[in-house]
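Two complexes, one shared chain (chain A), two partners (chain B, chain C).
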Partner chain A sequence: MVIALRTVRALTLIVGMSVLTFALMHFSPLDPITRYVSSDPRMSPEQIEKLKIRWGLDKGPVEQYFIWAGAMLRGDFGTSRLYRTPVSDIIKGRFLMSLALMGVSWVLSGVIGYGLGALAAFKRGKTSDKVIRWFSYVLVSTPAFWLALILMLVLAVWFHLFPVGLAAPAGVLDANVTFAQRLWHLALPVMTLSVIGIANVTLHTREKMVDILNSEYVLFAKARGESSWSVFWNHGFRNSVLPAITLQFAYFSELFGGSVLAEDVFSYPGLGNMLTVAGLGGDLPLFGAIVLISGVFVFLGNLVADIVCVIVDPRIRAL
Partner chain B sequence: MFKKLKNMNARERMLIAAIFSGALLLAIFVLSFTISDGNLRANARIMDQGPSFSHPFGTDWLGRDMLARTMKGLRLSLMVGVVASIISVIISVILGVGSAVLGKTVDNVISWVTDLFIGMPHLIFMMLVCFMMGGGVKGIIVGVSLTHWSLLARVIRAEVLQLKNAEYMQISSSFGKSLWFIAWHHVIPYIMPQIIIRFLSVFPHAIVHEAAITFLGFGFSPQTPAIGVILSEAMAHISTGKWWLVFFPGFLLVLVAKSFDSISEQAHILLEPVSANE
Partner chain C sequence: MKDKAQSETLLSVDNLSIGFSQYIGGLKRRTIQVIVDLNASIGHGEVVAVVGASGSGKSLLAHSILGILPGNAIMSGRMAYGGEELTAKRQAALRGKEIAFIPQSVNFLDPLLRVGKQARIGFDRKTAAARQRELFLRFGLKEKDGDLFPFELSGGMLRRTLFATCVREGVKLIIADEPTPGIHPEALNEVLTQLRQLADSGAGVMLITHDIMSALKIADRVVVIKDGRTVEVAEASAFEGQGEKLAAEYTRNLWRALPENDFDLMFAGDGGNGHVA
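Right, the complex of A and B next:
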């Protein structure tokens, strides 16, 4: 029941987001027709009228929205103005590239962040706790792109440990790129996103774990002679992992933003990089499609977090 | 008088954090006005110099002084940050209070809109807004304000809901005081501490996001000295190892964001009297 309600709400939010996206694009001062015409000055007024009808621009905004949303649902994202090819073709390959980047960083930042947070809580007040906390506090307000630049400067330019950019070595055919080379090129963007993502989970987990460790049931467990490890495994882990997972799912939105920045710095050919190019180039169909996909992704991520909570935590189900 | 840092209570620590951050901001402000624009002009004689006594942050490939560019960039960031934070706080107060006071239907609608804005990926939404507004300072301010009000609106709603059950609120309304009177005399003073704390904590996010969006090339023209623009230009020269172009502007941005963060954190402790003497 609760799951059904949450799902309906997530769906209405996705619809709301698509309306918002469409409205912002629709009322943008960038008129698609003028842009198109300026790239081809030989067009006559009759041709422009025809183009307007073909693109559905002669209809009212509400009707246009439904046409647009219907096409999106069918997977027809229109034709990119910059590349003159179907948007879906451009997005397909890049989506997987971004998924690889974000997926790996998401898991890494979650696991490392949780581990560091738990460690800091168990060692609270000691040097390791202070180092972890200081590290997280600084990272929380560090912009992803600056960290990316610094990592690039130190690891790629000074020490030549990693390549400076792109997803594969330049001048090598796509089919000939080895898996190791792909990993090699993925390393720096992943490192950037993971390190940025760690801070939040760490601080949150530490707080939560400190609360747990101050509780009476942990005091009792210690009195029974349980070791730190078994206190962690029997009491700490179960009570603190769920909020961490929820937080990590809610982090999807930041992750998307971070990947736009990291992809821009490392010229990594993913969705984020494409979004920047499309936005700066005024390519509305491509831009809109990527905004919509990322939004759907984030709202689904939040929905999954909600559902996981309901399934794991019986107290929410009773509501 | 001079105690060790860890022996101080929150009030004293707050004072130190505030003095440090205030001094930093003042220094940036004064420097950004006193450094003459002449330092921003290209000067072929001092191209590509590393940090030195006369140019502490080095010079770039056109011979422009990086200290001057960084300071002017930070001033712009601070200005955008202040305006955007104020606007987002105003939006969130109106919606948060409205949501709590104006009945169930309005509450549902506002909560839904709040969820929508919390869920939208912030940076991407900001790109969309900047794109729609056609760039410039205005686009950035609107974009940053629209993405930062939602969490605060939720907090304020919860606070006001709690307050609604307070006796003095009920007495005030049974005395026939208007909704406006109650909002102004009872609700606003009650949520003021939250507003101040949140304003201070929205601020670092706002300036970091402003830098991110200008870094991507949305908003300002390449001539504008904004931290994002400076860093994205420096990116082109990174493979030649000119570290000072990248390091100093970003480091100062983090320093400014961090100092605001610490003020807001101390204010949080301070405004909750129970923990102020810890």
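Right, the complex of A and C next:
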């Protein structure tokens, strides 16, 4: 029941977002026809009219939206104006690249952030707590692109530990790139994104865990002779992991924003990088498709967070 | 049998004082004293009731014996268990094993852990499930209640769950912090009987309560505290008639103020709902 409600909510949000995306594209100063024509000046006015009809541009905006949305639903994202190939072909590869980058960073930042936060809470007031907190506060106010540049400068340029950019060695055919080479190229962007994501989870988990450790049920656990480890395992983890997971799913949007910057700095061929290219190049079909797909991705993240909450927390489930 | 056991002190608390250091505006610090020179003792096989008004320091007394006072508490005094000083290290080693605690409120149960699981903590892993089922039946809980979460249980069931969490082999001292409110008379009597049985099998029981009438049904002695000080330690038998055998004015007033006593002496000892004002 609750899950159904949340799903409906997520779907409504996705529809709303698609309307917004379409409106932005529709009212943008980038007129697809002018763009197209400027690339091919030999077109006659009749040809332009025909093109308009083929693209449905002669119809009203509402009708155009439905045509566009219907095509999107069918997986027909149109043809990229920049690359002259179907948008779906371009996005497919890019999406996997981004998914690898974001997925690994997401898991790493979640696990490391949670671990550090829990550790700080159990050692609250001690040096390790202070160090972890100081580290988190510094990270919270660190911009992703700056961290990316610093990591690149130190680890890639000075120490040659990692490649400066791209997803594979330059000049090597895609089929010949080894898995190790891919990992090696993934390292710096992943490091940037994970480190940026850690602070949030750490501070939040520490706060939550301190509350738990001050709770009466942990007092009782101690009175029953439970060790710190047992307190963590029986009570601390159970009561804090859900909020952490929810937070981490809600972090999807920032993760995406961060990946756009990190991908740009490291010229990593992912969706974020493509988004910049499409935006600057005025490639509306490509741009719209990326915005929509990343939006769906973020909303799905939030929906998963909601569903996880419902499944794991018996008190919400009973509603 | 009981009298012989009683001669040997299991736990003694001497001159216990507890204060809290608090910041009052800026960096100024002061200590507020909430327990002052409190004394109490429990023998093997003895039930000692601790009565006192709300805020008199009963729970803090219990927590200090277990060594679970909050970090900003400052404690002094001497506690001995089994004839040896009860240090923080010994407390940590004894709690959950020889010293069991039944907390005052059902908030002491983990909201996200099934109650059956909570009752299994502290048992050997292999036998835990069977022992927990056994205990649940003994305290009038159904086997499938173990699969429920605290929010799905009634107040009385939660109380009984708390009970099931403390009965372990080798428990020598039970500190029960108001285990009775919110349960119906039948369950109340059962809880009292259980405590008495634990004492009769040799354990010492500290029964903290507002409910003097119920406590007197099973207690050997009664420690009366007021504002963190011991007012009187009386034999349970001294609570009779107009309270002539009670030493302190405060205790006598307490005794006389019970509705059972004011109203009609015939009902004395029959009620079970007399409360400290």
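As a convention for this text, the second predicted complex is superposed on the first by the 319 of 319 C-alpha atoms of A that agree within 3 Å, B and C clash if a C-alpha of one lies under 4 Å from a C-alpha of the other, contacts with A are read in each partner's own complex, and residues count from 1 in each chain.
Heads up, the rule we're going with is that a residue touches a chain if its C-beta (ideal position, glycine included) is under 8 Å from a C-beta of that chain, and two chains touch if they have at least 3 such contacts.
This one's a predicted model, so the numbers in the text were calculated from it and none came from an experiment.
The partner that reaches more residues of chain A, of the two candidates chain B and chain C, is B.
In the superposed model, A:Asn239 makes contact with chain C only, not with chain B.
Of the two partner chains placed by superposition, only chain C is touched by A:Gly225; chain B is not. Once chain A of one complex is fitted onto chain A of the other, the partner contacts of A:Ile311 are absent, as it touches neither chain B nor chain C.
Interface residues of chain A facing chain C in the complex, by the touch rule stated above, are 215-217, 219-226, 230, 234-235, 238-239, 313-315, 318. Across the complex, chain A is touched by residues 112-113, 115-116, 119-125, 127-134, 204-205, 208, 211-212, 215-218, 231, 234-235, 238-239, 241, 243, 246-247, 250, 253-254, 257-258, 261 of chain B. The touching residues of chain C, when paired with chain A in their complex, are 63, 66, 68, 92, 94-97, 100-101, 103, 105, 107-113, 121-122, 149, 151-152, 165-166. Here chain A touches chain B in the complex through residues 9, 12-13, 16-17, 20-21, 24-25, 27-30, 137-138, 140-146, 149-150, 152-153, 157-158, 164, 252-254, 256-258, 260-261, 264-265, 275-276, 279-280, 287, 290-291, 294-295, 298-299, 302, going by the rule given at the top.
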